[in-house]
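In the part that follows, the structures are each spelled out as structure tokens.
Next come two complexes built around chain A: one with chain B, the other with chain C.
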Partner chain A sequence: MSDTVVTAPEFPAESAPPRPRNRKRDQWIAFWLVPIFFNLFGVVFVPLSWMMPPRPPNNPTPAIVEFMQSHNLLIACAVLTVCFGLASVGNAVYLIQIKRMSVSPVFRYSVMMGAMTGTIVGMLFPMFCFGLGAFRSGYEPSTLSMLYDFGYLAFIGSLGCFCVMWMSFGLAIILDKNNVLPKWLGYYTVWQYVTELMAAPVWISKSGPFAWNGLMTFWFAMVLYVSWQIIVYVCIYRAIKNQPDDTLETAWLHAEVAPSDPRPKADA
Partner chain B sequence: MTERTKDGELPDDGGKVATATLERGPGPVSMTNRGQRIMLWTAPPAGALFIIGFFLFPLFSPPLSPTLSPEQVAAIFSENVTGILGVVILCNLIAASLVPLFAVIAVQISRTATSSSVFTYAYIICVGVGTTAFILADYCWGVAAFRPDRDPQLISLLNDMAWFFFIAPVGTIAVQNFCLALSIYLDERPDPIFPRWVAHFNVAAALLLIPSAFSILYKTGPLAWDGAVSFTLRNAVLVIWAVVMFFVLLGVVNRQGDERESLA
Partner chain C sequence: MTNVADPDIRDTGRIAHPRNHLPGESSMWFFVIGDLLIFGVYFIGYVYYRGLDPDLFLQSQARLNLDIGAINTVILLTSSLFVALGTSAARNGKVPEAIRLFGLAFAFGVAFPVMKAFEYIPEVTAGLTPGTNLFFMYYYVMTGLHLCHVTLGLVILGFVIRSLRITVKPRMSFVESAATYWHMVDLLWILLFALLYLMR
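Right, the complex of A and B next:
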């Protein structure tokens, strides 16, 4: 519990007495669950099930049937079913930073709604499409092919929920006057919206660079996404670390004079 | 876990909290407590309807075995169209009716003194996702019963998918319970919002629910979707959890008095 970062020395808050204990434990627990989740995600998708990198859309039917009926795919689905709730924690980590910004709640509510729909259409549903094929061996190849298409298209081709998340998150960073996160990250995040548009042709192409396993829609988008995601979490790490104690939501417990309204003011 | 406040500081902080509470609670906002109580009392009728639906559902008595062939599943659907569609329609209407209970929990999580709203947000997102999973299960059964003369393969696929969505996605409920438990463990208030056993209770409930996520790996035995762990234990835990939390929340909301909750 006490292995998280000690933040007090960097920002001695005038109003609060020095505290030996880490007062941001809730934030650190949530924050460190994110790399755990992404690592699990990676292990399940790549070495366990070889669901990623994606199988080609124009795979011959016998290859699709063999893949869809592999037992490891089912194990992968079970593991994801256990831990997909952690995706919500990962999104909540963005949300608490948006809450600290001098922007309207509309931004964090938009991110929240995008996160809910995104978890369902981008994770739970495609995951069960893959799981169903492996669960019962008797399905016809045509049924398995449909599940295969539905699974990959929903996994790789679900765009809108993430677009609204990146847009709201990016705009909130740009409009924020509290400098919770660096401004360049806001522009970077809005640009990330554009990379989602790049994945749109997976619904049309069955081979080539714009298919769901293509150079542009998968590999290039993945490189951009992963690097963006890591940078965001590094920035959030610094934001949590640098948050002054007197802006914590527990500040009223420790302050000499309780603030009349502890809620942050919104001007954007 | 550890105590939040050092013993020596307790009276001091306690005094400050009292001051803070007084200053934070101007007159008109005492309605928040009443609103929460109204929302909370929608849970018992909702729960009763869920239980009625559960016992009326032809596929639950006994729960449909995962080992049935597509033809057998299709036959069961065509023999029970009325019963299945009746419960599907009922559950379509009441699918989200326990959301107020979860919303009151989210409000109370946001009142616990932790440094951020991270668990409140994670809780709310999980409720949205979990409720949708239940609705998808309902729709899959409904679509299968809507045209029971469909290709048995497709009926069986819809039925499998419904059971997946109904039994397996416990990941969100588990995270919800862990969020609540962590908020209670980390609550810095000298007079905590929730009694501490509620945290232990939620962790225990989460641990008992998690095995049913593995129901998709088995067709027989306790972990299969009709098994003792994935079906009986899971549903019993959910019912007990809801009943216990209802009474816990009654107490918590009443003790809140006029204290205003902050905007999450």
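Right, the complex of A and C next:
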């Protein structure tokens, strides 16, 4: 009798019903929202509005007006307005994994702030620019040209914000001693952000390989980015899968079920 | 290739690593090869666009400061030599010598951006900016990207010197990774120098 009284508080988990593998449900939901978000993004940008691949910077004004006031762009902007917030949920999967790394929290905050500023400038600004053209008729062609320039430059020329984000992510992976993500992914991330630096000349060039639809600034960067994005999610998938349950941030939720132990109750 | 099987214990009591391994960490080689591939693609892009307008590229190229370019090549090659000697010294357990050699490599490395500033500033003040034409855009983007690599390399060399100073036994994998990276920076510059300054 006395044995049971003593041992029960030491192994409180035994008294709780065994839970199935659902402790990472939050991470999995965030994780699977990412492909949904990217597919939606892809459909909106490519076959729906043909915003991507980017239209030429030196497009004649009538072509710009036609694009900016097209119904397809309107539908694209409407979809983006509704599903825009999914980006932040997607970024949560990075932040959760960085928190497990043996690195300074500065890296995590930098990733977070980089993602926020990058998303505001790189996604919200273009959405407003294209949205204004699509939803508000009556703007002068010169205003629409300005919005067109503003939208594309914000979308493609704002990669500096993402550079800081990915640099912090890459460095965190390289410096991490817990091997949460493979080291080579850290180096791959470093290439990825270096190629994003190549987007800076889009502010200067209006045609050729350094324009916003150019070979160097868009196509090379895009090939590397898309392959990197797919690989990074495969690695994140494996990291979530291999994460021990007791290292979950929500582990305390499951550990606190210690009904007969007075100390946790006092804390609670 | 001398110490194949046994760790080599020198009179300093330090243990050098077996020599039949890939120098540095394998992930650093992943980075180096990938980086070279990316620069390779940029070089192909440059050569393609150069072929479309060779006169413009040749005329613009003639306005670069070949002397500073050549001096910078010598600077980086010398720096790389000191890195190689420093790595060898560290491997043989001669830590004070390794620190001196890496210090020299660092000093030569610092001279590179300083010389680059002497090159860039007169060019920019003369109105030769990235907006001038496609050649100068390539010139500033590629040399600028390379300069970022040099800066990162200097930070890494600084960490190598720090690590040699504070630890009794040098972490050879780190020293070798840093040396590998620095040699890559060197190699990239030689290619850039040939493509941007010399190619006729």
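Everything below uses one rule, namely that the second predicted complex is superposed on the first by the 229 of 268 C-alpha atoms of A that agree within 3 Å, B and C clash if a C-alpha of one lies under 4 Å from a C-alpha of the other, contacts with A are read in each partner's own complex, and residues count from 1 in each chain.
The criterion applied here is as follows: contacts are C-beta pairs under 8 Å (C-beta built on N, C-alpha and C of every residue); 3 or more make two chains touch, one makes a residue touch a chain.
Everything quoted here is computed from the prediction, not taken from an experiment.
Participant: Which partner chains sit in contact with A:Cys77 here, chain B, chain C, both or neither? Use first/second/both/neither.
Facilitator: Only chain B is touched by A:Cys77; chain C is not.
Participant: In this superposition, which partner touches a larger number of chain A residues, chain B or chain C?
Facilitator: Answer, by number of touched residues of chain A: B.
Participant: Could you say whether A:Leu197 touches chain B, chain C, both of them, or neither, answering first, second, both or neither?
Facilitator: second
Participant: Quick one: classify A:Tyr188 as touching chain B (first), chain C (second), both or neither.
Facilitator: It touches chain C, and chain B stays clear.
Participant: Mind working out whether A:Ala92 is in touch with chain B, chain C, both or neither, as first, second, both or neither?
Facilitator: Touch partner of A:Ala92: chain B, not chain C.
Participant: Looking at the overlay, what does A:Trp252 touch: chain B (first), chain C (second), both, or neither?
Facilitator: first
Participant: If you look only at chain C, which of its residues touch chain A in the complex?
Facilitator: Where chain C meets chain A, its residues are 25, 27-28, 30-31, 34-35, 38, 41-42, 45, 49, 130-131, 134, 137, 141, 145, 148.
Participant: Which positions of chain A touch chain C when the two form their complex?
Facilitator: Going by the criterion above, the answer is residues 174, 182-184, 186-188, 190-191, 194-195, 197-198, 200-201, 204-205, 208-210, 215-216, 220, 224.
Participant: Can you list the residues on chain B that touch chain A in the complex?
Facilitator: Contacts found on chain B: 1-2, 13, 16-17, 19-20, 23-24, 66, 69-70, 113-126, 128-129, 132-133, 136, 153-154, 156-157, 160-161, 164-165, 168-176, 179, 182-183, 186, 188-189, 210, 213-214, 216-217, 262-264.
Participant: Considering the complex alone, what residue numbers of chain A touch chain B?
Facilitator: 1, 23-27, 29-30, 74-75, 77-78, 80-86, 88-89, 91-93, 95-96, 99, 105, 108, 112-113, 115-116, 119-120, 124-125, 128, 131-132, 135-136, 138-140, 143, 248-250, 252-256, 258, 260, 262-263
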